[in-house]
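Given below, in the form of structure tokens, are the structures.
Each of the next two complexes has chain A plus one more chain, namely chain B in the first and chain C in the second.
And now, the complex of A and B:
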């Protein structure tokens, strides 16, 4: 029995080309990893991490569990294509083995087994199983067509605008399984066999079409099927479908604790090409939903960066609110990738600009607890005076790091891509904090908090957001706010919630003071105030539009007062509403007797 | 039967409109939401550039209105207008033949610019507060002592995208110069600073007054906005600014910080405009039909504008416009 026919050629060439290119990419990316990353891989390879990664591959690359959470129908569509195809391949191998035993069969022998196996006795179980799986995949293809027509049925208001290469690959993919159905059915029409799908269609064809046209049709159908496969495979490494072979190593590397940083590294390739351009990141983006900006979302950013077409306007136009990252089914570290693109495009430190840092120390007071207001809190002095009241009421001795002015925490510069300049400020503040011997550092700005926790090296100093600190004081009985009847609603600041995982503490503090009403989008899904320091592109008017939309949601709760825990959010939302917008510390200070 | 024109707003523009309408043989009805006529001018001390007491202008206008027997509806708020009818918030409907909107402006709320500490620290006051202090004859720090160093900050709530006020309020520059001179007259030993972006001296005698402020009164003008203010332990106000002419950051403690607050559009302009189909400018002020040949006319026939309802203006301009609006309305109803 030979496993070759001329129509196999497109498939063989396509598959060979694909395997060579994918292998080349993998090897190149792995070799170019920094030494420390390679060490991480070696250390993790023979541990439970590998098993954990394998399990995640099953859950995410095959079953697409995370997409099910976005929308069950969308999840089913992705699963039927990925898992269905995977099962078809596995079942195909088992089928071949059961027919011809354990002997070497070339790849095309497995794929086009129906064509070659006409002379063998039929095994109805495999006919049935293979048809069932084919139906499974075809249902996914049908849904994908349906999604083109009406994506809202799958919970997506907008879908990705694809580039030409993607369209070619996509069309090839859509034709593969219908082509397979027709090819196998014609073979069944001529030689019998087949399950409920191919067998039935084959039977109908045999009864209605003559033998000669059927034989011609069979050749054409198998050629077409093979060509679709070949075309898809050739397009794969250059299109969105590269994600199939990138997500798997990405999951392993992630389990070995490789991470992207503010500087480019080879690991970024695994993240960038793991993007399937599913477009789930488009809907959460407020630049899209409020401002109608359609070409800067993560899917387009990653696409542009992958093909070397990334421009400053795209890289800069992002709030870095993390709403898309929260929804990304591949778990790509979108904010960090955007950050290191900005680093590469804008990092031009001016040495002279930072000479003033030398020897400045305007801090005052003495105590084990340090308070860092941050630039934005200095611009919202109600927060500052509320914190002063709270410290006094709790009898805390406080070292004021920057009440008389200080040096920026560095995060705004870092977010704008000026990472080296940001480091200068971080070094300055680190030395300042260490010099004054504090053991706790409290800040009322989530932007500062995030950079203190992630980029500062502060051994022996616990960094707290004021919401955490105030809650501790209340729980320790050092603060006794009176519970009033005011109804509050709480806005989760991006850097505090999604950025630092602090959701419960501010809520607990509000509930100690009054009643808390949750807005429609809350916690992980909270909206961005629109005035993010990470966005250098939108205008002030556009920021205001976003603020108004956020304020409208907060007002809809019916709360009398809007509370937030970030001075920037407070200023931003305050512009969009006539209701009072206050910082968490203000309501606590006001409730102290 | 005399034609009736309703004038909304009993400030200087409204009073002047009503007077002129009466002169033209039309019956004006003046509607004012406060219990007395006079509008914003009631809170002012003396007027630039001549230092004429505001009371002089106000008393004379009120006397004329009184003498001409114009019908005035006090403490009445308007909720909607159309060329033939004005509806008061109590539900009362007043029929008329035309309407002149002269409801003026709203002072910018300085506490929105939280970084300046208005309403948070002592000794941060607005230009309106200062006029009230002048009127009360008691200008002093919160502790009652005399200020030795005073800073004026221009453009608070004007030309500031961050608080959604992109327009220039026009009169605050000269008010700042006027108030600085008054302070210097009260406290000759004090140092007075004006922090500005641009100084816009558009009216007759303004530029001369600006020069006098520098040459005669030795008032300092620093080109740069104050970025933030904070209290000091001694109860003073520390301000941070950048002197943009020398390119240096600047930090100074003052005894009093005066915020020259701008004019913003009334909140109820939106409701009035929506009800009557009137067009508003992006700033929220009403938009005249034509800036040259129809600047007291709205886009709706029978509704006219007088004074600061359509843009920030000084008193002289408001009075002139009131006369023009009254004439336009009279012509309209006589047709």
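And now, the complex of A and C:
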């Protein structure tokens, strides 16, 4: 039995080209990884991490579990296409083996087995199983068509606007399975066999169409099926479908603890090309939902970066609130990638910069506990005096790092892409903290908190947000706030919640003082106040618009007072509402009297 | 308590000749950032400035000089900014001051 027919040519060429390009990309990216990353891979290769990664590949690349969490129907659509196609391939191989035994069969022999196997006796089990799987995939294709017409049914208000290459690949993909159905059905019409799907359609065709037209139709159908496959395979490495083959190594590398950093590295390629442009990141983006900005979301940012057409306005226009990252089914480090894009565009190492940082220590007081207010807290003096009251009430000796003015923590500069200069500030503050011999560093600014925890090297110094610190004092009995009847609602600052994973401490503090009411979007889904220092592009009016939308949600809880734990959020939301917006420390300090 | 330097010192008298200064860069900056024209020169940005608290960096003076076509040393001066963003919060005209800093640095990197 020969496994070749002229119509196989588009498929063979396409598949060969695809495998060569994908292998080329993988090898190039892996070779270009920094030495330390390669060492991490070698160290993790023969450990349980490889097993963990393999299991995650099954869960995410095949079953798409994380998309199910966004919307079940959307999850089913992705699963039926990915898992269904995978099963179709596996079942096809088993079918071939069961028919011809363990002998070498070329790739097209497996894929177009129905065409070549007409002379063999039929095995009804495989006819049935293959038809069932085909139906499974076709249901996904039908849903994909439906999603174009009405995406809201799948929980998506907006879907991705695709570029031409993606549209070609997408069209080819949509035609592959209907084409397969028609091709197999015509073969069944001519030679019999087939399951409940291809067999029934084949039977109907055989009864209504003459043999000669059927034979012509068969040739055309198989050519069309093969061409769709070939076209899809050729387009795959250059389109969004590269994610099929990139997500797998990405999951393994992630399990080996490779991470993107503020500097570009070869690992970023795995993350960027693992984006399937599903568009799930579009709906959470407040720039989209409140301001109607449609071309800066992570999906477009990654696309532009991948094809080398990233512009500064796109890279700059992002709040880095992390709402999209939270939802990304592939788990791409969207904020870090945007950060290192900005670094590439803007970082200008300058040795002379910030030479004035030498000898500007204006700190005051003595104590093992250091308090770093942060620039923004210096603009909200009520927070500062509330902290002062709390320290006094708890009898804490405090070293005030910057009450009379200090040096910025460096995160705003880092977020804008000037990472090397930001390091200078980080070094300065690190030395300052060490010099004063503190063991605990408290800050009331989540922006500072995140950079202290992630970028500063502070051995022997515990970094705490004031919410954590206050809760500790309360639990240790050093603070005894009186429980009142005021109803509060709490706004999760991005850098504190999604950024540092602190959700429960501020809530526990509020509940110690009064009643807590949760807004509609809360915790991981909390909204951004809109004034994020990461955004260099939106105007004051646009910031205010976002602040108003956030404030409206907070007001809808019916709470009398809006509480937050970030001086920047406090300032921002305060502009959008008439209700009082206060810092966490203020309500605690007030309840002490 | 250390004496706070608010940045209010007497500048040496000098004249800016707008006929001689080349305003091309200045116009480019205003074109990209038209809201800068709404600046009323209140100096709130400078009063709260973190860098201005530690040095003689003066954002109001610096961006005003740029608009008058005095570009010399502006890049090094703007580089003193820490981009903390307090100025943006206090600006009564809501000017995106951080973007102004970045824009001026980008346009005047050669001066």
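We take it that the second predicted complex is superposed on the first by the 588 of 593 C-alpha atoms of A that agree within 3 Å, B and C clash if a C-alpha of one lies under 4 Å from a C-alpha of the other, contacts with A are read in each partner's own complex, and residues count from 1 in each chain.
Definition applied: a contact is a pair of C-beta atoms (placed from the backbone, for glycine too) under 8 Å apart; a residue touches a chain by one contact, two chains touch by 3 or more.
Here the structure is a predicted model, which means the values were calculated and not measured.
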When chain B and chain C are modelled together on chain A, clash or fit: clash
Chain B versus chain C as contact partner of A:362, first or second or both or neither: second
Touched partner set for A:571, first chain B, second chain C, both or neither: both
First, second, both or neither for A:431, with chain B first and chain C second: neither
Which superposed partner A:540 touches (first chain B, second chain C, both, neither): both
Which superposed partner A:405 touches (first chain B, second chain C, both, neither): both
First, second, both or neither for A:511, with chain B first and chain C second: neither
Partner chain(s) touched by A:381 [first = chain B, second = chain C, both, neither]: first
Partner chain in contact with A:416 - chain B first, chain C second, else both or neither: second
Chain touching more of chain A, residue-wise (chain B, chain C): C
Against chain C, colliding segment of chain B, chosen among 93-101, 219-227, 255-263 or 327-335: 219-227
Intersection of the chain A residues that touch chain B with those that touch chain C: 378-379, 404-405, 540-541, 544, 571
Residue ranges of chain B touching chain A (in the complex, touch as defined): 112, 114-115, 117, 120-121, 161-164, 227-228, 230, 238, 240, 251
Complex interface listing, chain C residues touching chain A: 1-2, 4, 35, 48, 50, 53-55, 76, 79-80, 82-86, 88-91, 93-96, 98-99, 102, 109
Chain A residues within the chain B interface of the complex: 378-382, 384-385, 403-405, 540-541, 544, 571, 574-575
Footprint of chain C on chain A - complex, ascending: 346, 348, 350, 352-354, 356-357, 360, 362, 364, 375-376, 378-379, 404-408, 410, 412-413, 416, 418, 421, 425, 531, 533, 536-541, 544, 568, 571
